[in-house]
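Next come two complexes built around subunit A: one with subunit B, the other with subunit C.
Entry: the complex of A and B
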């Protein structure tokens, strides 16, 4: 609507022209709209529906009508799954794990390390910078299974573990990294991959800051660090918002590396919410996949994601930002 | 602050940006760097600013060698073509930024920014952001930011290129006036020769990284030392004709197929001494329509410039002259005209070395 009225000053154009302008706008929006519909809204509706059923391996059916109407056996259990979830002894721990995992990986690596790499590599020789950034992309293009296998080798006990071989060389006692503090490694192995995303976005943003602006700041009397603080970082507000939002959401739903590394550890010590949903719904605990119960976990995840995305957009004043060029150039 | 460049050279890999430049800018002097695009003006300026490190050579501020001194310790103010204002700061934030970095107190920042802003006529814009200002206002803020720190040296990199013609004219006067009033040594990079000729005390003409000449505007215009300068300075550019200069009965004549013009001895003698073919340079304003002129030609093109008409006159297949004519004469393309050359102001150049035969 806004588009059409903007394009057509009052009285200057006929109705049909306005309608055509609107159609064009919708035409451009359609491909993205179709994708969102099929890969977000429809799955969400399915999950919402599943979350009020008790569908599991034992009462499996594909007949949605039967699921909706059958009384014996009964499929629709309304809030039972959620009640059970809130009563789950592990749920609070899993929720805490999730926030711990997302926040520490995000801040230390996906944003922190990404920013540091891009700042460092844009301040050195161009080719050297390019080379170092290329190195950081390697973990991302390695298959997860191979990547985790390497990490398992790194932390394994003697005589296979790489870290422990160093311990031996230095005459230190053997350490059990795998059991000792898996979080350190889970955050690191996710972070090493996650950092490259922010790195790419931040690097291109830094490189698109006009040279004159950077020179002006040096002439005005700033040191390199002051220039980062006063000029570069403020101009990275939009890329920062984008990376934080996008990476929060992708970390919230990413569990494959934890699954491959230690399946969430003993007693759900390293289990995060998305892994819990996966375990309940698809990983056969006692050979019984509980799709209904797992879907309830997934619904909570969707709610957390939407809430966080909304909060970010408020905090960073998203509307104001998209109204202006991404990197303001005068 | 006197600035001395000694054999200054900057190479980017194999590309030579600036090639062995030596010149001195006197304390309080306004020097323009003039040259075509890519000749190394900005590179030189950035070396003076300390952004680029010279590949070879020395930069002195006063007696001090500043090659290794970072920009922040050079106390320079710089104005960029793109204005380079910080888009996330207000006008006040932009102008007070150099003071903030110098740890000047908040009260003094306010005072000094307000004073400079008032002088620049932007005193009431301090709360705006750069995006909310016109180009001219932005340029004033940029100039204000450079002045507020009371720099020893002012550097300008084509500061007026993005402004419209009228604004450019008035800013030209303002910058010149401010610089003289404050007595700050200034280097002003431009590819606009009118700007250089009107503003600068001396002009450094650069070409392909080298310093072609470093002279006062009048000298460049009336006594060009090389063919390049003669052709580059002045608009419309100087005409060049191949002639031979010979002496007959104590008088000197410049001669070629369609031309035979008497040259005053002080100009004719050095040209005749060189012998053979030399290049004669005559400015368009020194060529006049005259019934008893020395040259005939047909008018190929008439370009009305307002005050004058610029005629492109073909003498023969190889030789042509640009002539400034009075529009009242109503010359049309295709007309045949006779022209008289003011040989009192003729220039002669050696065709091999491209050096002037008159001045060195």
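Entry: the complex of A and C
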């Protein structure tokens, strides 16, 4: 701001100069703008449009304009997809699966385990803590394909499965984990990746707690559990809220690992909403691709995504980031 | 004395010591048992909570107006894990209660811990007896006794009205086979132990010189296993005593490693499998199924020549490298330019572009995959551009991934630029340098750590990417290593797991090496940038 006033005498700069400065700014933004236009805005409109069409393998076309302008009843079916979605025999189950998957992964792993790891690693030797946290990042950088390969082998049937090898050692009967308990493993394998997000956020929050506070409670003779309960947790309120909201949204739309693990299982047993959209529209495994119907599923998530992202970005970071730029005029 | 080290705490420690000395042994045992019972109660509440949740979850789809049942296993798994761990936690808590005493009088602490451990074990064992778990568990049984003879397994006793009685077996019958497979005593016992309740075992018996096939139902019978009872008691005492002398500093390490067991096992398998002929569980085995079979044969894929339908690993690696590098360069370039403009310039629409970036940063881009399929298809129709950035091209795949990482990148880059004092830049601008030149020559060199971090992050996510290459490519023309690996697991032909493990390790290696060297830069980015995945 100071510079704005300093420059005031020169404020009578010609309009062309100001226009050129603006143009430079837009020039710097252009590549990002084009990508956002092509891969966020147009798709957002497109998916709304697709959801009112009955585009499928049988009447496939990529000519969106033709579809839109011809008013061809072969394509435009208006609300039919949504009616069909609400009447879908599997939809209640998929909806319930989604809630169950998001809540249990979020509470047990992304928040619960993340908090436990960050508490444990901040109360041991610094270097050791760093080492353990680095190990927890490993699942995140492992390619999904390789990561799922490992888990499939853990749950495989005898004699190949690792869990079943332990069963054999303990003299217990063989169990079919892949078919029998897929949810346990889907939640676990997603949770082991998700935990590291909370871990990093919580760790930096714990480390930024003033040492005086912890020392004071130490002098008062508190135990570790008492310090966690009465000093650390109350100070983690905001990071907790942030992790919960952000991870709810990303869990709601993350289906990659379920897709790789069992494609959602037989009879949609492990299908979540985002996977349902993907399976109906893009999965080549189910021969008949129904882009229109899949889009109707996706639209629900797009709307939830836009609303939630707007709300929580306003709550968390907006104020801090819209500060005025350093060099206003030059 | 421990107290002498902390003179400031001496007074309170002395009071504590006095209290311990005054307390009778019975009183101390009582306190230890009490804390163990509290832990048991806590665990039991957890079990009850999850047991209550289970029928709720089961009934939920019905509430939503559909008769479909949800197979719910997670709550059950948690409840049984809690049940399993409860006694051990109780023994531990019982011993931990006496750690204060151990500071003054170790022997007495151990004595009390042994006593209290035994009491707690008796209590838990009684509880288990009531609920028929642990050593009192229901075991599959045929309700008869038998012994090995030279001709076969002789039935020596039958419970009246039991399942064997109902099936028509009599004392003196000779069991010679299960179904068609001849059996001995050990084989028969194993078969029974591994059978499910209410299933039937077909016993081939010899009676008066005639053979007969008798199906007998397996029923649950509560037996008191002496070995688990004694073993359980010893374990309880051991845990109680160990908790007294356990060095407290080790607890976080042990807990940490326990939590990580599934991960460690998974990665261990990956390494073992890639160097062995076959694996059974975690053990490498050879063709005959015996321990051994170490081989480098799984790595032959590195030297195999490619064909048009089955490209060599190097073609795939090149694809992956091109996509990852392209992604890295584009993410850096585009987001640093936009970040610069947002950090340093004022222009109409700045505020809205900034809030847009923030909203997009939170918005889950994967929901747009279906629509982007059509965008890429249409871009593919554009002459020249379409050949490089359309559907089923490396460029197109890279562009989509760049766009998905962009909100994060722009946001991070703006943060990096904001932290740089603008004196140098301002003097450059006053001296007449263009904005572009200032950006390129003055500012970019100053945010090198930021560029390094974002670049590595983008490269790693491009290298391991699965979903987008899988969705927007056909066949193997643009397949990345991740797509290649998953294609080989889903083929109808039997999967060569060990070769896949080797390919997986090969795919992981570069990322792992980069990660080891750059983890300090990366840790913070992963907190801000986890789009798409959980």
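General observations
The criterion applied here is as follows: the second predicted complex is superposed on the first by the 251 of 330 C-alpha atoms of A that agree within 3 Å, B and C clash if a C-alpha of one lies under 4 Å from a C-alpha of the other, contacts with A are read in each partner's own complex, and residues count from 1 in each chain.
Here is the rule we use: a contact is a pair of C-beta atoms (placed from the backbone, for glycine too) under 8 Å apart; a residue touches a chain by one contact, two chains touch by 3 or more.
Given the structure is predicted, the values throughout are model-derived calculations rather than measurements.
Once the two complexes are overlaid on the shared chain, A:274 sits against subunit C while remaining clear of subunit B. By the touch criterion defined above, A:212 reaches subunit B but does not reach subunit C.
After overlaying the two complexes on the shared chain, residue contacts for A:220 are found with subunit B alone; subunit C is out of touch.
Once chain A of one complex is fitted onto chain A of the other, the partner contacts of A:78 are absent, as it touches neither subunit B nor subunit C. Using the contact criterion defined above for the overlaid structures, shared-chain residue A:35 touches subunit C, although it does not reach subunit B. Annotation for subunit A, partner touching more residues between subunit B and subunit C: C. In the superposition on chain A, A:231 contacts subunit B only, with no contact to subunit C. The residues of subunit A shared by its contacts with subunit B and with subunit C are 221, 324, 328-330. Those residues of subunit A whose C-beta lies close enough to touch subunit B in the complex are 210, 212-213, 215-223, 226, 230-231, 234-235, 237, 324, 328-330.
Contact residues on subunit B toward subunit A in their complex (touch as defined above): 46, 49-51, 70-72, 76-78, 80-88, 97-98, 101-102, 130-131, 138, 145, 149, 155.
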